[in-house]
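In the two complexes that follow, subunit A is the common piece, with subunit B as its partner first and subunit C second.
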Partner chain A sequence: MQENPKPIVEIINVNKFYGDNHIVRDLNLTIYEKEFLSILGPSGCGKTTLLRMIAGFEYQTDGEILIEGEPAVNKEPYQRNINTVFQNYALFPHLSVYDNIAYGLKMKKVPKNEIRQKVAQAISTVRLEGFEKRYPSQLSGGQKQRVAIARAIINNPKVLLLDEPLGALDMKLRKQMQIELKSLQRKLGITFVFVTHDQEEALTMSDRIAVMNKGVLEQCDIPKKIYDEPATKFIADFIGESNLFEAVVQNEDNGVSELYSEAGELLGKSGEFEREELLYVSLRPEKTLFSDAPIGGFSLYGVVKESIFLGNIVKSIVILTNGQAVKINTPTGTPAPETGKNTYIYWDVKDCVMIPAVSNKIFKYLEDIKYEEELKIGGEEQNV
Partner chain B sequence: MFKLNSKFRGKTVPLAIMISPVAAWLVLLIAVPLVYVFVISFCSVSESHKIVFSFTLKNYAKLFNADVLGVYYNSLIVAGVTTAVCILIAYPFAMIMSKANAFKKTLMTIALLLPFWTNSLIRLYSWRTLLGKNGYLNDFLIWTGAIDEPIEMMFTQGAVVLGMVYTLLPFMVLPILTVIDKLDKNLIEASKDLGAGIVKTFRHVVLPLTAPGIFAGSIMVFIPSLGYFFVADLMGGGNNQIIGNLISRQFKSAYNWPFGAALSIMLIIVTLVLVKIYTKSGGKIDELGVV
Partner chain C sequence: MSKLLTKTPSLAEKIFSRSFSALIFIFLYAPIAVVVLFSFNSSKRNIVFENFTLKWYGEIFYNDALLDSFFTTLAVASASTLIAVVIGTLTAIAMFRYKFKGKSIIDALLYVPVVMPEIVLGISLLSSFALAHVPLGFVSLIIAHATFSIPFVVFTVQARLSGFDRSLEEAAMDLGANRIRVLTGITIPVIFPGIISGAALAFTLSIDDFIISFFTTGASAVTFPLKIMESVRSGIRPDVYALSALIMLATFIAVIIAQVLSYRKKQKL
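Take a look at the complex of A and B:
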């Protein structure tokens, strides 16, 4: 990305309802020129709806979307400088590869010579030479994917939206397409907005990742930050593997905070925490360590339930005294307790991530209201 | 879960016994009569209208007589206009139906199929009370002062077409509905995304992809409207003969079964040719067998 990136799509306080379903909640996101942005989240988190609102297939219930600084609300999909690669490719089955790719130019009444030239160029960009006369039904998944991309980029969009475009491909092809898409984005110098539920895909391809959960944009940052400093409990859990300790602040001292969790005492980074404040302490399995003897400040104790050899690492699962399972990865060759042995666990304070529970508390509160109502109904039924 | 008793597992009734009732039905009621029609189409009739089993092609030569050609012409116009009108009504209807919610869709399907529960002759008769010289429509037009004298609306070619459309419309709606339902809505969005408005999207994407349904529906409407003689009788009052009338007359009043048989064979050949064109162009024979 450039030093002073120029915004191309601005999403301001956008909400989307389908009937009573709140699909997208108060979402703010700025997408910049020439960046590769992934929208990552589990299915049903509202990421596809967000993409469809940017494309113009859906309109937000309230809030505003600006495209190149102008409100997009009255613009039809074809009036936006944005094109979409659909999840199932949506190639026109009655048109050949050539005609599929030429469709956008034909609709704009571009002279035939120019169409021929541009289609040839797009075909060579996605390396589909020789397939011009084939029909979509005669293509493999990867080839269909290329046609869909060529068809979308022929109109020279400023933004290309991709809705889980690699979902239907097998693992090997997927990896290959990831690299190709990334280099295509650099070559074209346009913005890619890439919707996916695959965190690994998002981490390897993106300049920035926007993580969504239940309609809320929880964090938008560069992949390293998302991985190292997850802003919410959900992200810590969703991106990679994490051990999460729900803990209460006891004391803060010298850059270290002392906390108390159900499993025992533990240490974390200091912040401007209040006494008795509820926090989540998140640890990556490779940063969680074994010890034979108790380490100062930690009283986490458990038994090794399993240890699995995975080549370069050994993956152990330790059950703590409160029943919580903790995942620990140790490099092969370093000593690790065997299955059935008792062990203490600890970590280097600088490796942990402190996640405030406030935002979660609010949503948890909202969820709890609903939950209680259901409980009540259940209770009444039981009484009858 | 229902579980088959182990005693019966792996044991089945022999295939021949299973299909024999259907086979017998098809042979007795369809194959045998067809062969009979084919055979007598090469026979001649005696003075006393008896079929004489001597080989002749004169029944087929008679298919090209001038008076018979006139009936073909009328019949083709009625069938052609009926098909066109059916497409124009059924296509928007099917589109609305496809977009409707489950409740409205059920309602529309019932409205479409309910008339089949009443005999079509009775349904056609009811048009007389509407369109006849003393019918409600004439009464209404005189009352409004639009006309001074009742006009003849029944017993015209237009009335025959109306009757045909009325009788055959569901056969056009259902195949078109099938293809519209199957149409991937993403394709419409893709077309809009690529720069086409509603009209262009319809012309370049929706219409080509739903054409097989239109073609299937056209076969389902065009062929019966060559043969539904009772519609021509009731609505056209004998003035508007179609091929169906010609055939029924050979069997019922003219007692020239061999010529009627030759006409029938010709109609069957026309049907087979149309169906062949349909399947050649990628249509599926199953989708013709709607309702």
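Take a look at the complex of A and C:
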């Protein structure tokens, strides 16, 4: 990405309700020119709804969406410089591949020979030469996918929205299309907003990842940051593998905080934590370490239940004294305790991630609510 | 289980199923065969078959009243089908696309004319025309036929729409089509098979309607079924048989064409 990226879509405090269901909650997100942004989250978390609001098929209940700096409220889908690749492709079944791809230009009343030329170009971009006369029903999943992409990019949009475009493809084709999509995005130099529920896909393809959970945007950052410093317990769990320790802060000094968990004492990074504050300490399996003897500050002890050889790593599962299972990956060749052996575990403090527990936020939130309600009641009384 | 399902039928079963099919076939086609047979009968009285002749087919063209009734039927069927298809298709699309209060009530109300005895509908239409001072004749007949055809068009189009993917319309809008172009360029072409079967149904219903036509027309517009009914009293002339046989032939050809077309379409899809 450039040094000073220019915002192209700005989503400001957007909420979406379907009836009483709060589908998208207080969402803020700025999408920049020429970036590959993934929206990642489990099925049903509101990704499609968010995408549909950007495309203009759905309106937010409140909040604002700016497109190229202008409010999008009054813009019909086709008045936005945005095109969509639909989740199920939505190819027109009664039109040939050629006519499907040409549809957007025909609607814009582009001259015939220009259409022919641009369609040919789009067809070669997605490598579908020779399929012009076929109908959608005569195409494979991967080919339909390409038609859907060609049909969307022919209008030269500034933003291409893709809703789980690879979801219906088999593994091999999926990997191939991931690479193709990524290089297509570079070649076209436009913004891709790519919706997926596959974390690996998001990590490998994106410039930035926006992680959603239950309608809330929990974190938006570059893949490395999302992986190394998950902002919430959900993300630590959802992206890659993590060992999560629920712990309370005992003490903080020298950039290290001492914590206590059900499984024993452990060390974490320091922060502006309060004493007795509840936290999650998250560790990647490859950053979690074995030790024969206790390490200062740690009293996590358990028994190796399983160790599985996976080529370049050995994956061990240790059951701690409180029954919690901890995953530990060690590179093949480095010593690791065998199945059935007892072991201490620890980590380098700089490798762990401190995640504030949501319950802290809830308590604060409850306090705020109480305060507001009192104000409200006071106001009503005055009215009477 | 699978053994049971794929078991080859015994001889008795074979004989039973074959003869049963044959019986049904005879039951359905014997009356039709009789009409065709007597259209070639040289005798005017259709009790005994005398000699083979084609003269009745020629006579059709000299029987002006019969020909008139035939063309009246065609004209009424075409006009009422057109009206029913336009109104029925738009109704079905509107009901598919929009949620509104009382939608399920309208849905249910559409079934009422379908299950209501035709005689009741006939009388209702007759009194409505009287109230509105619509003279009974060609126009009232078309309105009446369109009325009872509309629900059938709505149902067939609705059936087709139930498999319609709304994202097709969104995709078209996304690519720059306004609402009218989405309707004419995407929605209608995709549901066209449903519209065609609705039209075919409306056309057939109109052609062979007797009861409602009986109530809603005057002397100026006599349809083929009414004409036949009229001639029954004085004894059916064999030229009526001949015309009936021709109509059957046309129907037969239409059905075959429809089958071939849908078979081809299936191969393409």
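Just so it is clear, the second predicted complex is superposed on the first by the 358 of 384 C-alpha atoms of A that agree within 3 Å, B and C clash if a C-alpha of one lies under 4 Å from a C-alpha of the other, contacts with A are read in each partner's own complex, and residues count from 1 in each chain.
The working rule: contacts are C-beta pairs under 8 Å (C-beta built on N, C-alpha and C of every residue); 3 or more make two chains touch, one makes a residue touch a chain.
Since we're looking at a predicted model, the values are computed, not measured.
S.K.: After lining both complexes up on subunit A, report clash or fit for subunit B versus subunit C.
M.R.: Verdict on subunit A: clash between subunit B and subunit C.
S.K.: Return first, second, both or neither, reflecting whether A:Lys108 touches subunit B, subunit C, both chains, or no partner chain.
M.R.: Both partners, subunit B and subunit C.
S.K.: I'd like to know which partner A:Phe17 touches here: subunit B for first, subunit C for second, both or neither.
M.R.: neither
S.K.: Does subunit B (first) or subunit C (second) touch A:Tyr301, or do both, or does neither?
M.R.: Once the two structures are laid over each other on A, A:Tyr301 reaches no partner at all.
S.K.: So in the superposed three-chain picture, is A:Ser137 touching just subunit B, just subunit C, both, or none of them (first/second/both/neither)?
M.R.: second
S.K.: Could you tell me if A:Pro77 is touching subunit B, subunit C, both of them or neither one (first, second, both, neither)?
M.R.: both
S.K.: In the overlay, answer first, second, both or neither for which of subunit B and subunit C A:Tyr260 touches.
M.R.: neither
S.K.: Determine where on subunit A the residues touched by subunit B overlap those touched by subunit C, and list them.
M.R.: 55, 57, 76-78, 83-84, 86-88, 90-94, 103-104, 107-108, 151-152, 155
S.K.: Which of the residues in subunit C come into contact with subunit A in the complex?
M.R.: 165, 167-168, 170-178, 181, 186, 189-190, 192, 268-269
S.K.: Can you list the residues on subunit A that touch subunit C in the complex?
M.R.: These residues of subunit A touch subunit C: 55, 57, 76-78, 83-84, 86-88, 90-94, 103-104, 107-108, 135, 137-138, 151-152, 155.
S.K.: Of all residues in subunit A, which touch subunit B in the complex?
M.R.: Subunit A residues touching subunit B: 55-57, 76-78, 83-84, 86-88, 90-94, 103-104, 107-108, 151-152, 155.
S.K.: Write out the stretch or stretches of subunit B touching subunit A in their complex.
M.R.: Touching subunit A from subunit B are residues 184, 186-187, 189-197, 200, 204-205, 208-209.
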